[in-house]
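Some structures are shown below for you to check.
Below are two complexes that have subunit A in common, paired first with subunit B and then with subunit C.
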Partner chain A sequence: METVVGILNYLVFFAITACVYSVLTLGLNVQWGYTGLFNIGVAGFYAVGAYTSALVSGPPPGTLDWRMFGGWGLPFPIGFLSAGVVAALLALLLGWITIRLKEDYLAIASIGIAEVIRLLIKNEAWLTNGVWGLKNIPSPLFHPVQSGVEVFLAAHPQLPPWLAQLARGAYNWVYLAGLLAVVGMLYWVLERGLRSPWGRVLRAIRDDERAAAAQGKNVAAFKLQAFVLGSGIMGLAGSLYAHYARYLSVEKFEPFYGTFIVWVMLVAGGSGNNRGAILGAFLVWGLWAGTDFLTEYLPLSDVQASALRVVLVGLLLIGVLLLRPRGVVGEQRFVSRLFKA
Partner chain B sequence: MLAVHGLSKRFGGLWAVRDCSLTVAQGSITGLIGPNGAGKTTLFHLISGFYRPDRGRVEFAGRDITGLPPHRLFHLGLYRTFQIPRVFPEMTVVENLMLVPAGQAGERLWTTLLRPRLVSRQERALRARAEEVLDFTGLSEVATSPAGALSGGQKKLLELARALMASPKLVLLDEPGAGVNPTLMKRLAARIRELALTFGVTVFLIEHDMDLVMGLCDPVIVMSEGRVLTQGSPEQVRADPRVIDAYLGGQYAVA
Partner chain C sequence: MGALEQLPQLAVYGVVSGSIITLGAVGLSLTYSILRFSNFSHGDLMTTGAYMGLGFLWLFQGLLPGRWAPLSFGPALLPALALAMVGNAGLAIVVDRLVFRRLRRAKPVLLLMAAVGVAFVLRNLVLFGAQSDPLYYSRRIQRALVLGGIRIKADQLFVIGVALLAVLALHLFLRYTKTGKAMRAMADNPDLAQVSGINTERVVIWTWALGAALAALAGILSGIENKLITPELGWQTLLPLFAAVILGGIGSPYGAMLGGMTIGLAEEVSTAFISTSYKPAVAFGVLVVMLLVRPQGLLGRR
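Up next, the complex of A and B:
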C-alpha cells in the first residue's frame, strides 16, 4: 500500500511539472503555432517570471543572503500577476526593437536576451542571490493546508500508515488542483481569443506576411501583440514553478530545460492547437521522466545517462514527425468560431 | 484617381521601371500590357507600397501616397492582387475571405474576449458576404478546404474573390485571368465590368490575354522596358506598329 501511495505522490509531482510546462507551451503556441514567431529564448521569459514572482512575494533578504533587493512578501496573486506583466514588458521592449526587422532578428534577439538574463541571475547577487539561489519562496496556502493536515493526523492517531502518508502529501494535491484550474482557464481564454478574427489575422501572418499586409493588416502590430501575450504567459509559468519549487537557481533556466524541451513539446503535441500544446507537455515530460527510471537501471555514468535521455527525446520527436507531421493532434482546419451562444 | 509621376526602380544594374508616368481615370477599366519583363508587376509593387521607388511619386485620390506601407493603402481604398497567388495555405478558403474586410471589431483581442456578441454578429455577416463571393467565383465547393490545396486556377480566383471582399476604390489586378479556364474567363470579365460599372470601383489590370484586354479595357497602356510606350483605345494600341515591335522583340505577338 505504501508503494502505491509513493507512486501516487510521484504522479502528482509529475503532473505539477507537466502543468507548468503546459503553460509554457501554450505561451509558445501563441507565438509560433499561431503567428510563426521564432522565439528561441523561452527560458528568458520563464526565468524573468520566476524571479519576479519570488522577489515580489518572497521573504526579505536574510543574514546569509547576498540579496539586498525585493522580498516584499506580497500575496501570491500579486507575485503571479507581476511575473506575467514584467515578462510581457520585456517582450514589448524586445519586440519593439526587432519585430519590424527580418524574422531572423527576433530569433537572435530572443536567444540573446535569454542568455543575458541567465548571466544576470548568475552574477547580480544583490538581486538574485547569484549562484546561491533564491530560497524560502513561500507556497500559497501552504500553512493553512499543512496545519489542517496536522490537526487531522492528531485527531486520528489510529490511521493506517499509508493513509497518514497520503495526508502528509496533501499540499501537492492542492497545488496541482490550483494549477489545473490555471491551465484550464488559460486554455479557455486562449481558445476564445484565438478562434476569432484576431487569431485569424495571426494565422494569416504566419502563413504569408506580405499577403496579410495586402489585406490591410498591420503585421508588426499584430506580431507584437502575439509576442507580448505569449511571453507574458511564459512569465506566469515561471511564477507557478517558483512557488512550487520554493527554490530558484540558474540551472533551471538553461536553454535545454527552459527552451529546447518546450519546443519539442509543442511540435510533438501539435503546433497551432492548444490541446496539442498541453498534450505535448504531458507526453514529452512523461517520456523524459520515464527515461530517468530507465537509465537508472543501465550501467551508465550520469553524463552518459543524460545524453541518452536527450537522444531518446530527439527520437520521439523524429518518430512523431514521421508518423504525424503536424504533431499528435494537428491544427484544426476550420477554426473561425461564430460564437453561437 | 491614380497618377504616377516619373517612377523608377532599379534592381542591381537593371532599371525594372524607369521614369514611368501614367494616370488611371476614376471609374475606368485601364489595361496594362507589355512583353514579359516590361516592369508591369514591379510597377504594381511600387504603387501598392511593396517596393519603395528610387525616384518618382505616386498620387492616389489627390493625395501623395509614395512610400506608404501596404496596410495603410488598403485602408485608403487601394487593393492589389498578386500575379503568383499568395493565399493563406493553412486557412480554409472561406477564412481567407472573411479575413479581408476592414473594421472588424474582433481583430482586437480584448473586444473578442469582452464583447463576444458583437463579434459574433459581425462574423455572421462576414460569413454571409463571403459565401456570396464564393458563389460568384464558383469556389463554394471548396469553401472549407485549406486554400493551399487549391489548383493554380482556383488560387487565382481566390485572389479575385479577396479583392471583392475588400470593396476598394481602386483595384490593381495582376493577371487575373492567368490559368483560369475559358468559360470562367467570360464570367470573370463580366464581373470585372460589373465591379466598375455598378460599384464604381476603378480597375487597373495587367493581362496577357488579348481577348480579355481588348474586350474589357479602355484605355490600354503599353509598357516596355520599364517605360510607358504608348496608350490609347484598344483599337489604337492594336494598330500601333511600336507595340507590335515591342512584342516581337519580346517573343509575343498581339493576338
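Up next, the complex of A and C:
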C-alpha cells in the first residue's frame, strides 16, 4: 500500500510540473499557434515572471543574502498578477522593436532577450541573489493546510500508515487543484478569444498577412497584442513554478527547460489547438520523465544520460515536423460557432 | 590602467574575436541568402567542427610531431584543419538530406524550427561523446609578443591571417568560379536561376559545404584562441553571429564581414566599461540598436 501511495504522490508531483508547462504551452500557442509568431525566448518571460512573483510575495533578504531588494511579502495573488504584468511589459518593449520586421528578427531578438535575462539573473546579485538563488518563497495556503493535516493526524492516531502518508502529502493535492483551476480558466478564456472575431483576425494574419492587411486589419497591432498576451501568460507560469518550487536559480531557465521543451510540447500536441497544447505538455513531460527511468539502466554518466534524453526530444521535434506537422490533435478548422467550415 | 589607455589593446583583441565571428557569420549569411531561412544550428556546426578538428589534431600529432615556435601548435594542425572542414561539410550535407531538404517546400518558419531542433541534437551528440568538461587544444602558456606597446600572441596573428585568407578565398570563389556565380544567381532570384539551367540542388549542396567548412574553421580558430573548447561553444557564439549578420545586412556576405568585425570590436572594447560576463549582451545591444535605426543592415538592400 505504501508503494501505491508513493506512486500516487509522484504522479501528483508529475502533474504539477506538467500543469506549469501547460500554462507555458498555452501562452506559446497564442503566439505561434494562433498568430504564427516565432518566439524562442520563452525562458526569458518565464524567468521574469518567476522572479517578479518571488520578489513581490517572498520574504525580505536574509542575513546571508546578497540581495538588497524586494521581498515585500505581499499576498500570492498580487505576486501572481504582477508576474504576468511585468512579463507582458517586457514583451511590449521587445515587440514594439521587432514586430514589424520579418519573423527571423523576432526569433533572434527573443533568443537575445532570454540570454540577457539569464545573464542579469546570474550577475545582478543585488536583485536576484545571483547564483545563490532565491530561497524560502512561500507557497500559498501552505500553513493552513499543513496545520489542518497535523490536527487531523493528532485526532486520529490509529490511522493505517498509508493513509497518514497520503494525508501528509495533502498540500501537493491542494496546489494541483489550484493549478488545474488556473489551466481550466486559461483554456476557457483562450478558447473564447480564439473563436471571437479577434481570434479570427490572428489566424488570418498567420495564414496570409497581406490578405489580412488588405481587409483593413492593423496587422502589427494584432501581432503585438498576441505577443504581449502570450508572454504575460508565460510570466504567470513562472509565478506558479516559483511558489511551488520555493527556490529559484538560473539553471531552471536555461534554453532547454525554459524554451525548447515547451516548443516540442506545443508542436507535438498540436499547435493552434489549446487542447493539443495541454495534451502535448503532459505527453512530452511524461516522455521526458520516462526516459529518466530508462537511462538509469544504461551504463552512462549523468551528463551523457541527460544529453541522450535531449537528443531524443530533439529528434521527436524533427520527426513531428517531417511526418506529422499537425501534431497529435491538430488544429480544428472552423469559422465561428454558428458556421461550420 | 584607465579605460582609454586600454583601448588599443582591446581593439587588437576585438580584431581577433571579430575574425572568428566573421568566419561564422559569412557562412550563416551564405546559407541564409541561398536557402532562405535563418539557420539556428549554424553555431552548433562550429562546435562539431571544433571537436572534429581536435580529434584529427590528436590523430596527426603522432605522425607529424613538433611545434612551430612561437605558435602553440605544429604541422599536425594543417591536415586536421582540412579534414575537419571536409568532415563538417559532409555532416551538414547529411543533415540537409535527412531534414532540411524534406522541408524545402514548407513555410520558411518551419525550417527555422527544424534548425532549432537540429541545433539541440548536434550539441547534445557532442556532449554525449565528449562530456561537458572542456577539452584543450593546447595547455601551453604562450608569451605574448610586444609590438609598439601592444601585446599580441603568435596564435592570434595566425587566427587573423587564416581568417583573412579564408575570406579572400571565398570572395574569389564567389566572383570567378562557375559554382560561385551560380550561387550568387540563386541568391538573387532562385526561379530565374533554375530556368537558366542552374542545377539548384547542386548549388544547395555547395552552400551547405561552404558554410559548414567555414563554421569548422571558425570553431577550430576559437579553440586555438581560447585554448579550450566546450560543447556550448557554438551556442554561445550564436547571438554574436546573428548580430553580425543583421548588422551587415542579412544575406550579404560582405556585410557579414563588416558586421563580424564590428561585433568583435564592440564586445572587446565594452570590457573596459562593463563586466566581461555581459559580452553576449553587448552583441544583443548592437543588434537592437540596428533593428531600430536601420533594420536592413549596413550593406543590405530593401
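Everything that follows uses one rule, which is that the second predicted complex is superposed on the first by the 326 of 341 C-alpha atoms of A that agree within 3 Å, B and C clash if a C-alpha of one lies under 4 Å from a C-alpha of the other, contacts with A are read in each partner's own complex, and residues count from 1 in each chain.
Rule of thumb we're sticking to: contacts are C-beta pairs under 8 Å (C-beta built on N, C-alpha and C of every residue); 3 or more make two chains touch, one makes a residue touch a chain.
In this text, all values refer to a predicted model and were calculated from it rather than measured experimentally.
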Is the arrangement of subunit B and subunit C around the shared subunit A a clash or a fit after superposition? fit
Students often get this wrong, so check: with C-alpha centres, what angle lies at subunit A between subunit B and subunit C, to the nearest 10 degrees? 70
Just subunit B (first), just subunit C (second), both, or neither: which does A:M265 touch? neither
Under the stated touch criterion, which partner chain does A:L279 make contact with: subunit B (first), subunit C (second), both, or neither? neither
When the two structures are overlaid on chain A, which partner does A:L101 contact: first (subunit B), second (subunit C), both, or neither? second
Figure out whether A:A91 sits in contact with subunit B (first) or subunit C (second), or with both, or with neither. neither
With both complexes overlaid on chain A, does A:L229 touch subunit B (first), subunit C (second), both or neither? first
Shortest CA-CA distance between subunit B and subunit C [superposed frame, angstrom]: 10
Using the touch rule from the top, collect the residues of subunit A that touch subunit B in their complex. 189, 192-193, 196-198, 200-201, 203-204, 206-208, 210-219, 225, 229, 272, 331, 333-336, 338-341
Name, in rising order, each residue of subunit B that touches subunit A in their complex. 48, 50, 69-71, 74-75, 79-80, 82, 86-92, 94-95, 98-100, 102, 104-109, 112-113, 116-117, 119-120, 122-124, 127, 144, 146, 162, 166
Give every residue of subunit A touching subunit C within the complex, in rising order. 36, 38, 40, 97-98, 101, 103-105, 107-109, 111-113, 115-116, 119, 122-123, 255-256, 260, 263-264, 267, 301, 303-304, 307-308, 310-311, 313-315, 317-318, 321-322, 325
Name, in rising order, each residue of subunit C that touches subunit A in their complex. 37-38, 40, 99, 102-103, 106, 108-110, 112-114, 116-118, 120-121, 124-125, 127-128, 131-132, 235, 238-239, 242, 246, 250, 275, 277-278, 280-281, 283-284, 287-288, 291-292, 295
